[in-house]
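Dropping a structure here in structure tokens format, bear with me for questions.
To keep things simple, chains are lettered A, B, C, D and E as they appear, and every chain counts its residues starting from 1.
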């Protein structure tokens, strides 16, 4: 079938595929940070960027060193971390619980979903004066504020995750006459886990953001309190040092969730 | 094949399916609200709930009436809505733009994603003093704050949405030798639309929350300013009236997005 | 245990899906149900298995299921319905746990059914590591583990590629030959129907009714690819269904 | 325009997917490619269509494609790859727009191909309203709209139920009979291969090589369900592949 | 005419500017004034530094000193002062603390004292009280006055100091008790000062002088009407009406008037500064390590505009 081939035009087929799939590029992220810092350093040193606008990165660095050597770093970080832990654990576990109930029971869903969507856009800082009355100015109110802020987004993501559990798996459970409890614990919960964990990423970021609001209420130590004080003294070096610490906390939390996802969700293909 | 049947035990197959699919139940949501309000009213009237803890719902209602009749309602709502519109539009459109770029270009992704995840957990209120210096105390700084707060979550949800666009559709486009631009505008963008819209739900809720923070910066009128002022005078009736307005705004925004989803995403099955 | 369908009819809201079905499912036989898309095959199977309740008529169990049967009516689904977070073993023990079967006793059952489906080496594998054919064999093992009186199979092979399908049909035939089971087997593949069915029930399009019940007498073990008489039966069935299939493929779906 | 594969080999990372493939694809013929799962059939098709670049060897176009061909090498995918947000019409005009064909000219082309695939009434329907068979017919219309010199079809029927598959094979046969086109048709359904192929290329399991090329001489239009000689060819092919399929179905997937 | 922006809080203590505006004193000085309202002092200080506002009146806080250190703000005149004999800032205790025997500031030893933030004027006042009584106080930062009011009403903090127009209604409700005056603890306390950007202070001398002159005329009217009460009842009522346009504007006049009258404290004549008080405050901030100890009085204050007191 290829007799007359010699006479014809012959060329290779042109390539037209590829692309549109992100490839991992190392070091770019880091170098963006480094460049940014260097530009800021140069800008503030030359006076091109006024010291009112941005602190000098090296000064922020020195503030860290001071915080470290004076031992104040831990004095600020530890209370914040414990507030975060208690508050976020409370809010997230309550949120997961309520989210699952909403996912499972139509009446609870009908009653609570509108309430929760009404509560969602309420800024927690607006309620600060009330938190003082409701929960006092001790740790309780800080826990409560963080818990409250973590609660709503967790509920929303959890019941979404329960809704997304493959219904055919549930039917399978029923077809083997599994008990309601078995279906919930062995099918619904593990199936909702990926959605719950990825929802936690967002809720915990919000918890960190709320640390500052929480520490508005009578906190002497804590990263939020440190930032607030720096802000009120217009001490940009400390303000940025505090912000960097929050950033690091955020990245850490996200890494921890990533770790759990890897461990618990290895079954995902 | 059914000769010996008469002699045998005969019974119907038992039903064991159903459930686990939310059914819509009307009025429950509304009645939860009504009950809650009635309980609060009764509680505050009987003195069982101290007037320090909760305002009387009817007093909040009267505050509304006053706001309405004095014309102050619109004086507060309109500036807030316009701040929300400008700020959220800015932040969301920038966020969508950057998110798409991150979704399309690996270098941009490698450079910006770590930066954005570092910025995400930074509380915007911590940066308030800086916003004054950077953007002044006029509307600009309010727009900027809301835009900044809307930007990060929008970026994250947008590039997630772009990543989730069915790659086989893109390969199809390439197999018909469509241009890069056609593939982006006709396949990637419409395909990412559902994810972008559902991301906007969250970003816009955050924008509403940030209204209060934004109006900390030299705002005379605005719901946020109203709430702040009520809070600083510990005037619970007004505080709650303001909070209810924010809630209504949140529910409205979510309804508007729902409307767009219905109109733009009718193609989803 | 036999099953008998008496005047079964079913509607979803205003839409009538099936009408006046009467059918006997005798013990130890495989009854295949074929019919055009949307004619209610899956619905019928769910009605038989008690996952849904018929609008009219009833499904009767005639005689007691064997005492050793943990779950008399057991489904095998098209999409396998394996829990992706459990291993092969875990997916089988799932259906034993609720009957209080654990430890050694469960181990014995699991080893037994995995041996029957030739999966012994894959006991610890996760579903994501398995090919489609293996996944369906796991689902069949799981069904066998509860000693079903009747297996209800909803297009169990249609998610597989045709070569795997061919192999799995051989497996099902040898499973049945060694130890006959009762099955209702829904498919729209006539090739599968003539290969596996003792009776082939042909349904009309929606609302589904029984058009014809075709008996195939040749023993399962003797049926083979390319058998002329089976090909003839298949062709006969295809002619019965062709018009309906054509119509079904040309309907807009109301959304 | 013919195609010629010269010594094609391809690897993903360390994994060699295929090796030393030489093949001619003559104009106006349908070449079917069959082989066990994972042997590289889809990869081969992507290499031919220029969506991927071979690690070794090259794919040659021999002769110029007809001038009226807008997209000489055109794919038809297993999952249809229709844009769910565009109507039937919009999905077809998508591939014309980039060639500057709009308005009346596009209308004429669209009407033409929809008539050929009997979809004229569904011009304004959205994909979600269509049955699987109709979706694939839309995808075929879209391919026809660009006047392909060669159609590259990757298991175009395997997402459909067997009745629809049967009907669509008839459609393809009548399309080809009216106006012969060149096609490379990947499948693992031997029944499809013997029904549609002028040549059937059998691949070995991974790394894929060509085991045998079987020519089927009977004209397409005369082939029918239950043809004894076709059944014989199919049985012959099945015996060639059975071992490989068995092995392929028993491998753990590395994740 | 020169256009300037003046920052203000809606407090009676900012009345001098309102009077100067309403009675045309700014016009006389050749200034066209636009008010910019804030709900807290700190952003106002920053707004002056950023140039969004030209002049403002606020308490000396750590933030203001830091901005001065960065060369962005300068104090040019004095405003509100404490004066013995005239109603000034009050020391409050919660009902619970009062009942447990804290009836006098000297009994506050070991008790909690609410402040908005470290480095605020509340912090300074508390520290001065503690120093003079020789007691220790536990300072609780609560950011917002609303939070402080909630906390002291519910007895979660023991003490606070605040301007009289907030202190008196609170005491009247019975939830808190007034146990002393700040004036007894801080000598000639310069509560608030007039400040501007460093640029204005150095380069816009004429404009700054003009502002201070008009401001002083407003202050003089205010003092006469409500502090020294030499303008008669009508004069006082006119003044209250004028101030009511800006303060408690959303309350009816009858309700607002007592609050305005209660809030009246002396505004320094001719915007003179209590230099000793300012120095004392600066030293305290340095001692508490709230500001850099390299800051001198001259960095903070430009004394060339007004008389020292």
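Just so we're on the same page, a residue touches a chain if its C-beta (ideal position, glycine included) is under 8 Å from a C-beta of that chain, and two chains touch if they have at least 3 such contacts.
Just so it is clear, the model here is predicted, and its values are computed rather than measured.
Under the contact definition stated at the top, the chains bordering both chain A and chain E are B.
Counting steps between touching chains, the shortest path from chain B to chain D takes 1.
The chains touching chain C as well as chain E are A, B.
Centres computed as Cα averages put chain B at a distance of 40 Å from chain E. With centres set at the average Cα position, the gap from chain A to chain C is 46 Å. Per-chain Cα centroids separate chain A from chain D by 46 Å. Looking at chain B, one finds that residues 16-17, 52, 128-129, 133, 171, 174-175, 177, 228, 231-232, 234, 269 touch two or more other chains. Shown for chain C are the residues that touch two or more other chains, namely 49, 51, 73, 128, 255. Chain contacts: chain E has residues 42, 46, 49-50, 63, 144, 146-147, 149-150, 153-154 touching two or more partner chains. Going by the touch rule set out above, the chain pairs that meet are A-B, A-C, A-D, A-E, B-C, B-D, B-E, C-D.
Those residues of chain B whose C-beta lies close enough to touch chain E in the complex are 52, 70, 72, 128-129, 132-133, 136-138, 216-220, 225, 228-234. If you check the complex, the residues on chain E that touch chain A are 42, 45-46, 49-50, 61-63, 66-67, 70, 72, 116-120, 139-144, 146-147, 149-151, 153-154, 156-157, 290-291.
Those residues of chain B that touch chain C in the shared complex are 1-2, 5, 8-18, 269. Contact residues on chain C toward chain A in their complex (touch as defined above): 49, 51, 71, 73-75, 77, 79, 81, 83-86, 94-95, 97-98, 126-128, 146, 152. The part of chain C that touches chain D in the complex is made up of residues 36-37, 122, 125, 128-131, 133-134, 158, 161-164, 166-167, 187-191, 225-226, 228, 231-232, 234-235, 238, 241-242, 245-246, 248-255.
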